[in-house]
Each structure stands twice: as structure tokens, then as C-alpha cells.
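As written, the chains take the letters A, B, C and D, and residue 1 is the first residue of each chain.
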Amino acid sequence: MECIVHRVPMRDPGDVSAILRLIDEGSIAPREIVAILGKTEGNGCVNDFTRGYATMALSAALAKHLGIAAEEVPSRVAIVMSGGTEGGLSPHFLVFGVREYRHSRGQRKSLAIGTASTPVLLPEQIGRMPQVELTAAAVRAAIERAAIADDADVHWVQIKCPLLTSERIADAAASGGAATATDNTYASMALSRAASALGVALALGEVDREALDDREIGRELGLWSPRASASAGVELLHSEIIVLGNSAAWSGDNVIAHGVMRDAIDLPSVIGVLSALEITISGQLDEAEASCILAVLAKAEASRSGTIRGARHVMWDDSDIQASRHARALVGGVLAGIIGRTDLFVSGGAEHQGPDGGGPIAVIARRPR
Amino acid sequence: MECIVHRVPMRDPGDVSAILRLIDEGSIAPREIVAILGKTEGNGCVNDFTRGYATMALSAALAKHLGIAAEEVPSRVAIVMSGGTEGGLSPHFLVFGVREYRHSRGQRKSLAIGTASTPVLLPEQIGRMPQVELTAAAVRAAIERAAIADDADVHWVQIKCPLLTSERIADAAASGGAATATDNTYASMALSRAASALGVALALGEVDREALDDREIGRELGLWSPRASASAGVELLHSEIIVLGNSAAWSGDNVIAHGVMRDAIDLPSVIGVLSALEITISGQLDEAEASCILAVLAKAEASRSGTIRGARHVMWDDSDIQASRHARALVGGVLAGIIGRTDLFVSGGAEHQGPDGGGPIAVIARRPR
Amino acid sequence: MECIVHRVPMRDPGDVSAILRLIDEGSIAPREIVAILGKTEGNGCVNDFTRGYATMALSAALAKHLGIAAEEVPSRVAIVMSGGTEGGLSPHFLVFGVREYRHSRGQRKSLAIGTASTPVLLPEQIGRMPQVELTAAAVRAAIERAAIADDADVHWVQIKCPLLTSERIADAAASGGAATATDNTYASMALSRAASALGVALALGEVDREALDDREIGRELGLWSPRASASAGVELLHSEIIVLGNSAAWSGDNVIAHGVMRDAIDLPSVIGVLSALEITISGQLDEAEASCILAVLAKAEASRSGTIRGARHVMWDDSDIQASRHARALVGGVLAGIIGRTDLFVSGGAEHQGPDGGGPIAVIARRPR
Amino acid sequence: MECIVHRVPMRDPGDVSAILRLIDEGSIAPREIVAILGKTEGNGCVNDFTRGYATMALSAALAKHLGIAAEEVPSRVAIVMSGGTEGGLSPHFLVFGVREYRHSRGQRKSLAIGTASTPVLLPEQIGRMPQVELTAAAVRAAIERAAIADDADVHWVQIKCPLLTSERIADAAASGGAATATDNTYASMALSRAASALGVALALGEVDREALDDREIGRELGLWSPRASASAGVELLHSEIIVLGNSAAWSGDNVIAHGVMRDAIDLPSVIGVLSALEITISGQLDEAEASCILAVLAKAEASRSGTIRGARHVMWDDSDIQASRHARALVGGVLAGIIGRTDLFVSGGAEHQGPDGGGPIAVIARRPR
């Protein structure tokens, strides 16, 4: 099997024409598509409906091609929309497909993919241990489906998780059940990402089960996974998981590597990931080098310390622009400078995803033949 | 004479304690201060009062040390506040002082500074040829005061220019005089920056006087200066000009170089400026190298094409965050990645200041002895 | 015939469940639906995708019930989504249906409705006379379909018109055709609303054709219609028109009246409209009175003077929140105070729709039997 | 003694010229000024520096007139700046002065004022019982200074309280002391207002001391004062208290009344307050009536239920505009509709200040002779 990756632009969150063009041109068959990541141009926060809009547009378009109802599409294709293209980030889709490999299989490991999803999460589970454990179980299932034998070959676990809206919080309160972990909707996004990331860390053995309880979630930032990327959204009630790694069970020229940015401007770590892919850097990548890079996935976050290398930033104190929006713009600039492209999947809110103020980064590249 | 440069943080726009500390420590004498640039944490747009607040705080503090009234300070010290520290940019002041040089003068050129100001600009002059010409005259005066013999040695012309508020537009209309160039306050910032930049270009012989008339201002983006940096603000009614360059009439280890970013992610041009200062780059500057860099000055702008290297950006279509805010965050990220610092003076709105979507950049460094 | 009106809430822009419930309950049959107005919770500005999202969700849902493709729905049902529920405004749909009347027809006039649409508007037509004239023709067609014999019985003309995005502006420029009326996307919304409103005024004989040319559009604010309500959106390329009035050719208990708010806080004019509907006011409407009000339609705008009754407002100078957002919140508060409800269709940007800073208001009520 | 009140506009947060004009004209003597409330045009949230800017400008201007240092002014004049003039609210100052009364004293009670302040509040005290108790003590002191014998005659307690910034939170953490009540800066504003309001309720005997502990603060919304108005700001570290009421120990024609809005659109309660001042309402106040109203003070808040009279509002789920900004715009519209003016002191965040989603309102009027 081979995992193929296409990066295509969107003109607006309802525009899936570039994906349809891939299908029309024969670059990918509808049934080959296993996952679609999208970077949409909403605020990436609570009332970002560009994620739901894109999901609806994708579902409607793929339903016709797959001959199923639009409602059934998300159970066939993992759809993960991440809002926020601040700074110069360019709205785009990453389309992951799986096909039988046409060439003889080599010895080396190639890009592998597996998907899974959790059950629907109850409002009171969000941001708490049940979410951590349900996520961990789904991650293990996805790794198995990806046929990645060695956990060290897992390089990226993308999770789309639910959040709490005012309505969901009120419903939970009205039902007389347990209180939700927070009654602040924006804060619920952070808690849901935090629990998701710890679920990844638990699944990959990066943290001990004993070290975890509700109180650590979103607070004990010393616990983190260097391979988790979680994004919360109003458009789903369960979590979607996509595992990416390398595996000898897969073929093709594509390969993935990852690293961890220690802070938001940690360019050396980015260069390290490119080096691991045998891309050498002297200044900005030239066009030929850049064209080998199929996808850049990164998390961005404002450091809780309120500083970057000792200099104050304003991200947390700005009541006009949310911290995660500042952070995406910043990390997008750092990455665009070295890579020379702006269609980068930079997602906000990196709780337990790398050290405070930093975050994981992965690059998928086509190996030179 | 020697031009000394201090970069100090501010905790909020009213906090000038770090400058007072410089004075208390003897690092600079009040009478040596000729110009203060500040990067404050407002929105950098029309209703950014952090610039006026910082100006008031600086004036009050310096007045005591200079023994003059607060109102008189701006006529003694050129004060240029630029709002907007989006992404990871860190609010800071750049304090420029002039002192007699203690060591014997060498052969080489050193950092030179000169300041000047235009008369008060009438509402109907803003964004039109009178502003261009009054600016050009003031730039010439500042170059002369800086004792820069060769225009090729001018590397940066910082201008703080006025804008139109609703009240000023209404006043102009009520007075029965000529109409203002626009009745949109945000648009007036762009026009004022545009006229200022063309004033620099005219003063430096970069454009022909004949090529200019009101209709080109803010529109004919093929006309630009690679050394102009204009910033509009509600807190003044005239323009302040600060010219920075190198001159054999000055002494000391400080030196300035400039370049032009062709687009917002043009890292190679940034590396070019560093190379001109004999700073070699392989990835991010290390701490020792970074410590030699005294100031980074850059302009940021969203390209009118709506794209960066063919990929769509959302800066102009975002009605929640102004385009100049996105642009500052982006360019701040590109620069912070390579330089490893976030206290960078990135100013928004680069009309006629470099090519569309790009902008000038200058670096002041201490020469290794 | 009878025009029925249902007001139902939406939980998010993709939630049309309340409309489906109307159908399931038999309150309205899918084929009776002629128009749906929606007040969605986006920013109401350029990048407000909640309008397109709601349109897509409505189309998908109605397609199933009508047995047609989703793409065909907008040609059968006039769909007008207006973004922005600032302050306390509540997201909701107004569903207009037409059915045969069951009771014998009385002498009095009842609520009447007619819809029409313009051809696709080219980028260079937007905000110019061609848009005015194409709109006027469509308004006449809609009045005829509504069987309103006397233009004095037209009380509201709702228009959804297109805007210019960066991409459309660039396309127009690239095609070598005529320049667009503006290259500022937010400004294009105002120009498109302005041309639409003048189209209504022209159709209703409120302004002379000779008084109009491109230069007046959006500028000569002395020209206005007291019955036009235009809303611009990225989700369509032509204009949708819905005419509401009273006609003896229609039956039923519903009736409409309108007035003009002279400024944003002109409560007496609102009370005047209620009085015309025989609703007497002493303070806030009580629940029984409020329940007779089926829909409140109003336009909100920041006065260009920068003041309301001599006191300065900040709407135009605020670079964090667009002026139309402030204005909707304000007018929503004025109306909610007197009416005692928040599900009011307050739409922003009232260029040529009432006097500067004011705007038209209409109320649809059920006549007491 | 007589308490005089002047309401004057400001052109920007640094503009105190209208107050200086009052002094120049002899309408008030500098030494008579005891308190200045200001409604400034910032975002009213964490990074609203318009409050500090106005405070600095006021201090500098009054210092000259009082012959003291600017730093000493706030200890002589209670300065309370509240940010946020969303919707149509107009930036203005309310200047309260005390003078010897020239006419013979009547029997009736007249407007009375008293001020006090708490000690500096430590970061860990903010939003907790120590803040409640220190506030209560200061309120009692202010009531005594106002010579209000009966607590029933206290109609408004205005408090300006500190908030937590990222830096203060980090400092508290670094000092190894107790944790702060929250590490979210925006949330700290709500907690500080909440503790202040409970301090008022405690001082006025509206809640029992036994009913209070840290856990209730900001959560048990059933506990509230109908006379507290708290506003948090970055520009001070202690709390300023201003008590307004009626007292037979005071003279003059001014008088104050208050009421409680049960929700944000509770117009009947507003009418009730006006009636208490013998102002009869039929629709909007006419100019003569409106001119008797010297000041309108109100609190605005988004209901935690997420609804207003059953209809959903978006205030809490909007990540672009903070809830308190929506709420001020809404309540400003409700009040402006009935009163016919927009220079209203509507302050955001009414935790424990009236019922959930509502808030206290007070009106100061000149009695007809």
C-alpha cells in the first residue's frame, strides 16, 4: 500500500473545487481518500463556523462520488478542519489517500496512515480523564490500522476534538448531571486539546497512567507529547484521530519526520526536521527543494510565562485578538521564512503538545529517487 | 560624535522606567537623547491610543530630567511611536543618543543620525502632494543635520505622520475648505504613509518629481523607496523625521545596513542585510551574534494581489483583524526565526516603501572590534 | 392567497432543524415556502461565511423535501442571509410561505410578498449604475408578482447583493476590463448596498433617474429610500429581491407597516410604526402584545457625522470592531427595549436607506381578530 | 454642602480640555473636585490602556491647578475610568464636586458623595475574601464621609478595582507565595469585580458574612447587590470607592435614584427609576426632560444562561468580541432609546451586581424647582 498526499488550495471554506479537480484529473480516486485535513480561514476559536462549513461542503461533494449520503461521509473519511490562517497562512486542504502500490516494494519504510474515532464525548467528560482514556484507545486502534509496528515510527497524531458551547454547558447543568470542567467556552477548547494530547502521550507510553488525573489536565505542562496535535471544534461531538508514521508495510516515496520546537521561534528544531529528511538548508529553501515538501504540520502556542526568551509578548493580555491567533501568525512566519511557502498546517493551542510556548512539528516529504 | 543606541523593554505603554534606569545608571544622559522610537502594544490603527499614551509618559519623564515643560519635550527629542506588537513582537523602546566620542576617530564610517519635522499638516494636505513636498524638505534637512555627505549612505528614514479622524474630516468639511483625500479614517493612515514615503523617495532622488501627482499616491505602487518607513498616528498633527545612515563625520562601533524584502517571507534579503554587516548565518543567530544586533527596523504589508508566491492570504478580506496587524505578525515571525529575538521594530503599512507586499529592512549592529 | 410568516431560532449557522420541525409539524409545506431570511451570527462583513454556510444547509435540507438538487433550491426559494447578531440580537430565520386562503376574503389589505432576482453582476458593475438599474427592474418584477397595485403599499424591499473580494478584484484587473469601483473589499459592501438601495428608490419613484450617476452612489446621502434594506454577502454573485407590502389581492390576518428612524436612537419612529399597526405603547410591550409581532426588520448605520445628537460616537474610528457591528448592536438595543424581544432582523449598512445614521424599519404583525 | 455634577465630552482618552474649560469658566473650582468618572473608548478589557492614559492626562492637568505633583492627584481626587463605548455610547467624564451651599438648606435630602480607597491588593487577594472585606471596610468609610445616615439612602457604590496581568500572575508564582485565584487575565477582571460587589453587599447588609467564602465569588450569582458597580482596570493596584446617595446633611437640587434591571432589556425598571425622580415617560424623553438628567450609571452583562427571555444570544461564544463589549452596546441601546442621549456611563461585567444578565442602574437628576 502507498499513502499519497495532495495539498490543494481553497478559495473559501465552502470551496472544494480543487479536490474535485484532483478526482476529475484522476490524481486520486474517491474511494482512495481516507483523510482530509483542512486549514480554514475562521478565527480558530469557539464561533469558528468555517470548520463546519468546510465539513458540510466536503461531505456533500464526496457523497456524490461515493454514492452514499452526505451524513455517512465522515464515518468513511476522517475529516479534520482546523481554523485560523492568521499572518500569511494560506487556506488549504491536505488530502490523504491509500492505494495499492504499483512498484515492487523496497526495504525502506514509507509514509503510513491510520484513522479511528472515539465515541461521542459527554459534556462532563470533556477536559477530564475519560476523554484522555477514550482518546488513548482510539490512538492505539489507529496505529494498528496504520500497520506501524514500532511506536518510534509514529511521527504525528492529529486529533479533532469537541468543545463546550454555552448551550452544551447549560444542557449539562439542566440535566442535573456532573458539572462540566469549565463554564468558559474558550477555555473548554484548551481543556479538550489538553486531554486529547495526554491521550496520545498515554497511548505512546510518553507519560505514565499514574501521573495523570483531572487536575493535571491543562495545568501540569511538564507532561507532554512531542507527536500530538489536537484541535478543538464546535462541529463534532466525538474525536477524530489520524495517525501518521513510517512503516515497512507501506511503499512509495513519501516519508515523514518530526521534531519539537522548544519555543515559538525555535528555527533550529525546524531545520533539524528538514535535515532528518535529507533536506539541507542554507537560508530559505529554493523552489526545487520546497516542491519536495508535501505538507508541514505544526502546533503554535503562546507561552504561559508571558515571554519569549525573556522578552514580553502580549498574546495573553490582548482582549481583541485571542492568544491562539497571535501564536499561529507567529509560528507561520517562522516556518514560512525558512520553507518559502505559506500553505502550512499551523494549528493553535499546544497544551501538553510540546513544552510551554513551543510545539511539535512534522514534515512530509517526497524522497528524491 | 557618536550615535549610541539602547533597546529597552516597556511593561505597558505608560511605562518608561527602563529609560529612566538607563539615565540613572549613567548609560545615557538626558541631554544626549535625540530620538526615541517605540513599538507599543496597541492595534496600530486609528484608535490606537498607546502611541499617545507612551508619548505623554515619555514627555513627562524627560521633562523633569531636562528641566523643561512636558509640552516642550517633543521639540527637543524626536518621538516616534509605532503601534502593533502582533504575533510574538515585544513592546520596546529604541533610544538614540548623540555624544562626543572619547576615542580617536578612525577612517571608517559610523552610524549617524539627524532629525527634523514638517509644519502642521492641514487635513486636506494629508495624502496629497503638499505632504510629499513638505516631507521631502524635512528629510533633506535631517540628512544635512546628520552630516551624511553621500545619499547612498542614508539607510533608513523613519517618519511618523498624522492621520485623519472622523472629527478632523468633519472639521475640514465644516470649514468649507477643500475636501480631504478620503473620508475613511483607516484609509487615511495608508494615504499619509504613502505621501510620506514618496517624500523620502523624492528627497533621495529615487523618483522624479514629474512622475508624481495626487493620483499616484497610494495607487502607483511601482514607485517606491527602499529606505522609507512611515507610520501614521492620531497623536500628532505634523510629521517627525529621523534619518539614519553611516558617515565618516561620526565615530564609534555602530553601523547600519539596509535591504528590501521583495515579499513578506523574503528571508534571503534579510540574510543579505546581515551579511552586509559581516554577520554570517547558518540557521538562527546564536546568542553572541544576536547580542551584536542593536536594532532591527522593518516594514510589513499585505500584498494587494491577495497572494504570497501564488498562495492566497486572507489579510485583506478579514474584517475582524486589520491587514496591517496580520502583516506585522507575519514579518515579525520571519525575522524572529532567523535573528532569534522578538524585540523587533516591525511597523505596518508599507505603501511606496518597497514593492507591493514587501518592504524595507534595516539592521543596526555593533561592529566586532 | 395568504402570506404566512414563521420566526424560528437557529442554534448555529448550519442548524436548520427548527425549519424542518415546522415542516414535520405541518405548520408549513415545503412547496409553500417562497423566501427565507436569516440573521446569522457571523461578523456581517467580508469574511462572514455564516451566510454561505446557512444557505448551503438550507439548500441541502429543502432539496430533500422538494425533490430537487440542492443547487436548484435558491432559484425556487429566495434566500437572504444577513450576518451579525451583535449585542443581544438572536440568530433566527424568518420563513415566508404562500398558501391558498381557507377563509372567505375580506375587504382589507393583507400581507403580500413577491420575489425576483437580477442577473449575475460583473465585478465592474458593482456599486455603479448598471447595478442600480438591474436592481430597479427586478424590484418592479417582484412588486408585480406580489400583486401590489399601489406603490404606496410597498413597505419593505429586502435585497441581498454581492460584494467584491480580493480575488474578484484581481480577476477583473487581470481580465483587462474596466476597473472595479473600489479595491477595498469592505468598502465594496457599502457600495453594493448603496447601488441596491438606489435601485429600490428608482423603482418606487422616490428618486429621479436624472439625479443619479456613478458619483452619487454611496456619497450623496441626501438621496434615499425609506423602504429599502440591502445586505451584501460573499455567497452570491447576483442580487435577490423580496418585496413585502399589503394588498387587497391577499388575505389573512397579517399586515406590515414601516417607518424611518431619523437616527440610531429614534425610538419615537419605532413607536409610530407600532401605532400604525394599532399597537399602543406605554413602556415596553407586554407578552401578549409582543406575541402579535411576527417580524421586525430594520437597518442600522453609524452616522457619517461621527455624532449622535451632538455626542461623539466611536464607530468609525474603531479599528477592532467594524462600524456596522457597533450600529447593529445599538439599534438592536433600542428596538429590544421597546419590543421586549431580541430576535430582530437588524441588518447593517444603511447607505441610501434612510437618512445618514438612521434607517428604515418595518414590523409585520398579526391583526387582532 | 452641595454635590455638583458636570458631564463633559472627551475627544480622545488624553483630552481633558472640557474639564479645564469648566475650571476656566468658573463652573467648578479645582479644589472642589472630589471624584471624576470617565467612560473611555478602549476595549474595556485587559489591554485597555485608555483608562491609564486618561488617568495620566487628568493627573497632569489637575496637578497644575492644585499645585501638587501629578502622582499625588489620585490621592486627592477619586479617579475611576471605565473603558468601552461600544454601540453608540459616547466617551465622557462625570466630574463630581463639593461646595458650600449658597442657599438656605431645605428639609429634603440632596445628592451626597463620599470616597475612600482600599490598601494595595496583593495578586493572591484579588477575587478572594480579603478583597471582599477590604472593600467592605472602605465602603463603610465612604458612607460615613458622605454623611448618609440611613443605608437605604445609598444608591450607588462605584468601585474601580485592580486585575491580574500575566506579569503579576508570574510575579506571584515566582515569589513562591499563594497561587492567584485564576491564571487567565480576562477572567481575573470578572473575579475582581465579583469580590468588589460582594464587598458592597457586605457593607450594606445585603448579604450575610456567613454566606460568603472564596468559592461563592463569581459563582453563586444568587448573591448580589443592587447598588454596586465595579469596574476592573490595569491602571491601579488598590480599589477606589465612590459612594453616591441622598442625605439631609446635603443641599442643592440634585438627587439620585436607583433600580435593578432584571435582564439586559428590562426597560420597565429604567422607567421605574425615572418615575422615582418624578420624570414621567411616554416614549422617549423630550429635550427638556433629558436636560434634567445629569448622569446615567448602569452595569451591563451577558447572561450566563446564554439567552435573553428564551432567545439565544452569542455574547459568550464570540471569540472576536468579548462578552462585556456586546453587553455594553446592548444596554447602551436600551437606555439611549428611552433617554434620548448616548453619553451614558454603562460599565461592563455585573457579577454579583444585580441578577444574572441584568444589573443596577442609577440616575442623577436636577429636581425641578
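The definition used in the following text is that contacts are C-beta pairs under 8 Å (C-beta built on N, C-alpha and C of every residue); 3 or more make two chains touch, one makes a residue touch a chain.
Note that the coordinates shown come from a computational prediction; the quantities given were computed from them, not determined experimentally.
When chain centres are defined as mean Cα coordinates, A lies farthest from chain D. Taking each chain's centre as the average of its CA atoms, chain A and chain C sit 40 Å apart.
For the pair chain B and chain C, the distance between mean C-alpha positions equals 45 Å. Touching two or more other chains at once are residues 11, 41, 43, 47, 167, 312, 314, 317-318, 320 of chain B.
In terms of inter-chain touching, the protein chains here all touch one another pairwise. Residue ranges of chain C in contact with chain A, taken from their complex: 11-14, 41-42, 47, 49-50, 52-53, 56-57, 60, 70, 167, 234-235, 320.
Chain A makes touch with chain D in their complex at residues 43, 45-48, 165-167, 169-170, 183-187, 304-306, 312, 314, 316-320, 322.
Interface residues of chain A facing chain B in the complex, by the touch rule stated above, are 9, 11, 41, 43, 85-92, 264-265, 267-268, 270-271, 281-284, 308-309, 311-315, 318, 320-321, 325-327, 329-338, 340-343.
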